[in-house]
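Both complexes below contain chain A, partnered by chain B and then by chain C.
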Partner chain A sequence: MDTKKNTADMLGELETAVYQGDIVNIRDNGPCWVRNAPVQSVIDTLNRAMERARDGLKHAVLSVPEFLLAMDAFREGLRLVKQPESKARTQGRCVLIGVVEGEVHDLGKNIVAAVLEDSGFQVINPGELTRDRTLDAIQEHRPCLVALSAMMSTCIPAMQDTITWVRKLHPDVRIMVGGAALDADLAATIGAHGYADNAATATDAARTLLNGK
Partner chain B sequence: MGNKELCPPDFIPPTRDALIAGIWKASGTAPTSRNSRTITDMLARVADAAMSVLDPRSLLKQTEITGIEESVLTGREVSIASRELCRLMASMDRPDSIFGFALTLGGELDALIVQTQRKSLAGALFLDAAGSFLAEQYAAQVEDHLRVALALQGLELSARFSPGYSDWDIACGQPELFRFLLPQTIGISLWPSGMMSPFKSITGICIAAAHVPHRTPCESCHKQDCRYRRVVI
Partner chain C sequence: MNLNRIIKPLLRGTVPPPREVPEPLLELAASAIGLRAKVMPLTSIERAFAALFHKQPDHVPVTPLVCSAARQIKNIAFKDLSLSGDMAAEVFYAGYEFIGGDMVVLMLDLSVEAADFGQTMIFPDNSTAHPDYANPVIKNVEDYERLKPIDLKQAPRMQEFLKLCRIMVRRVGLRGLVGGFVFGPLGVLGMMRGAENLLKDCLLYPTEVRKACETITGVLIEYAEAQCETGVPAIAIDTLYASASGIPKKVWEAIEGPFARQISLAIKRKKLMVGVHNCGHNPYADVQLKWIEPEVLSIAHLPDDCRTDHDLKKRYGHVTIIGHVPTPLLIHGSPQQVMDECRRQIDILGKDGGYILAPGCEYPPNIPLTNAFAMIEAAKRFG
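After this line comes the complex of A and B, so read on.
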């Protein structure tokens, strides 16, 4: 490590390492990079790196796995200054996300949840969302958006039932759906306001749905 | 000929490089020149971790075809409601048997994916992709094994076909196939949604006939933009 490097240069290295998802580099050199930097500067650097990563994902410069690696690196960076994630992120509009009743495969949903959280949404992710659990969670957390995922076509009726009741009891709440069992046409047919094809498009789809709200 | 349990092949694991290439493919991305050392290292670790927890098991069962209607194919112990499959069979010369198979990579891989999600979503995504690739490899090996064995008897084999694909409804097809195959005996259980546990499990059928000019219902399926559509093999 070049001891003559100033703090700004070293934070620049941290930013690059986070953007590139280079966790090993952060683990090895991070403590030195942040040694003389104020905590807020480190947090700002980490957020800047994630802003670049989000932009990279949006413009297909980064793939979803590369973006997720950047998120892993972001978390590693927060450990350098012993800050919880919630302190480092702005808590924006609330999204309730879950897999519909009967679904057990939730990796895709968790990835979308992480991407939305990274994009500034406050994400409530209780896991499986039955109709009643969805309605209860809306009462409790007052989300602007409910995001439902289904991988199996057999779960679409449960998704449609949930959407029907959310629209009936909470007409202000937007509903976005996604998952292997759906496409944009089916999403519209079952009453969803919007559809996200994958994690890379989920943030834009959510923002479009909430535009003006 | 009635129903017959057959000896399935042992799983032949791919090389590490082949598995890494398969992980890229199954995760829907491609390696680029900018892929960092981190991602390369992670893929190598994921490939090793996936291989270390595999517990591959499979079963194979044959049943004689007893009827082919417009939209239902029946065997002695199983019926398959698929107009597309029946249309495919109409082009076959002397359809002979239905071969059903079930296979799994075991529950430890599922547990590892869940556990990895807590630490690294990228790692979990790659592990999941590794599982998808390995399960498909295993299914291809079962199919190839059957094809070679049948060729010795002068028979040809269709491509494998699973509930949920084309017009074979998963809600009815998967329970029906479970009744025929009893995959519980190799540790596979069925959720009400039609999903299997362990997740990285596959069930399906192949058709044996004297001549199989078209091997997959995808060739005539109307879902032209289906992401799972198989090209003509």
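After this line comes the complex of A and C, so read on.
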């Protein structure tokens, strides 16, 4: 009984440490916290912490860097149970995500990728998605959603070109875009099915797009 | 009042440092301009001056912030624009002459300062210069303290920018205001570390980040002072990280706030006006005003404590607001849609001066210039 209670308490500490992005604490005390816990309980705890972090980001309780640290802490937590990230996540519908050709700012895209993973999507994140790389990745991974990001307005033509070809060759794949260079109207103008204003709304936007699919 | 510093620029046909003139005299002049605006058209300088001193101009001043987009007029490459003050002046002046507007803000690109600190840059053919993020100057936390100040005289990008300022001040003369530009120390660091790492470092290693900011700020102060000497009457400080896109408000206050203040004070000592530019989401206007005490606030999005433009005018109307026509609208909107949005903003923000119509950030570099003309037209029609 005591052991059970202690394990629950200790997993609670792990959850808090992940939410707070406290990697040092996880490194120092993590092995002790998870010693008597089943692997799945640890993974559930880590996912719960990230769910809280996502909620915190959504409601502006957590800032962007705090969320980034929580992501790092989550990965540190996975090392405790020697689990790759892909196995720890719920493997739901597949999303292909990337910045468009020429775009060098991938911070927002990486946060959206993490948020989508926390929300149960299987996320393929190869980095820069040129038109050809996007089409190849669709063939390989069969995503139901392609998420494209652009911060610089100079990348909008590349985004539009990619969207045109994805729609032409894979009409069943939905396309969501986001980034500082866009708004909902511009997203519609260049042919995207949907638009996410920020990382916090990305999950809702993706779910809305895939509703019924 | 140093009369010499007022008369000399005027004799050269350029704008003197505005704060060299005592405040009561400035107020008097602004009131006189405000009265004149009721009966006759103002010049660009008068219009901007009236707006800056919260008098009603004949119509709101406008600057479409056509910076690198003006390359299209002269067919000048992005790389030449970045690396040559002469070429950059050709571009900015062409934008000013061809499109118009009451002021020119010399937003070249955000890589100028970081490049001179040794950051390797990439110069794409069809886009603005940016750092090679695979090869950052700040590779680890220890590198923050290793960062060394640089000699402004030996800093080629900043020297070319100073040349740009000098040429534009001379060529625009008394027809309009020319504003200088300094990227804040955290912005420069972001170029040398990568945004993701810098954001995390601000929380994990604030002392080290602060140390690097201190090193950079010393150079930026010298750079800002050198811009003042070129004859620009105002300089904008870009504090991008003071927004929800950046770091928490308190962290910004603890790290960049004091350094941004030092830069602002250096500009003010030269009797110039100070602006803040921030194109992040939900900028922290309150703390930026607290630390920098600018006369002008240029934003792309509503501050974190404002829900509407009415809130913005009510809360921050005591400074002159520049903005904030959305840049995506400039890309996809028709001229009529752009003019409609300009009219909406003018109606709310333009009352009793204190407003300059502009995009929230630089006019998108690769789109047609039609919507820049739409903004100029909207200011004349609805302002």
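Details
Note that the second predicted complex is superposed on the first by the 208 of 213 C-alpha atoms of A that agree within 3 Å, B and C clash if a C-alpha of one lies under 4 Å from a C-alpha of the other, contacts with A are read in each partner's own complex, and residues count from 1 in each chain.
Quick note on the criterion: a contact is a pair of C-beta atoms (placed from the backbone, for glycine too) under 8 Å apart; a residue touches a chain by one contact, two chains touch by 3 or more.
Keep in mind the model is a prediction, meaning the values are calculated, not measured.
Taken together in the superposed arrangement on chain A, chain B and chain C clash. Judged by the touch definition given at the top, the superposed model places A:D72 against both chain B and chain C. Of the two partner chains, both chain B and chain C are touched by A:S63.
By the touch criterion defined above, A:S153 lies against chain B and chain C together after alignment on the C-alpha atoms of chain A.
Judged by the touch definition given at the top, the superposed model places A:A114 against chain B, while chain C stays out of reach. Look at A:P126: by the touch rule set out above, it reaches neither chain B nor chain C. Within the superposed three-chain model, A:G92 lies out of touch with both chain B and chain C [touch as defined at top].
Once the two complexes are laid over each other on the shared chain, residue contacts for A:Q20 go to chain B alone; chain C is not touched.
By the touch criterion defined above, A:G12 lies against neither chain B nor chain C after alignment on the C-alpha atoms of chain A.
Aligning on the C-alpha atoms of chain A brings chain C into conflict with chain B at a single listed stretch, 117-125, out of 27-35, 117-125 or 333-341. In the superposition on chain A, the residues of chain A contacting both chain B and chain C are 21, 63-66, 68-69, 72, 102, 104-105, 107, 110, 152-155, 180.
If you check the complex, the residues on chain B that touch chain A are 27-30, 35-39, 41-42, 113, 117, 119-126, 128, 164, 170-171, 191-195, 197, 199, 227. Considering their complex, residues 21, 60, 63-66, 68-69, 72, 102, 104-105, 107, 110, 152-157, 180-183, 185-186, 189-190, 198 of chain A touch chain C. Looking at the complex, you find that chain C touches chain A at residues 122, 124, 126-128, 130-131, 133, 195-196, 199-200, 202-204, 244-248, 251, 279, 281, 326-329, 331-333, 364-367. Contact residues of chain A toward chain B in the complex are 20-25, 63-66, 68-69, 71-73, 102-105, 107, 110-111, 114, 151-155, 180.
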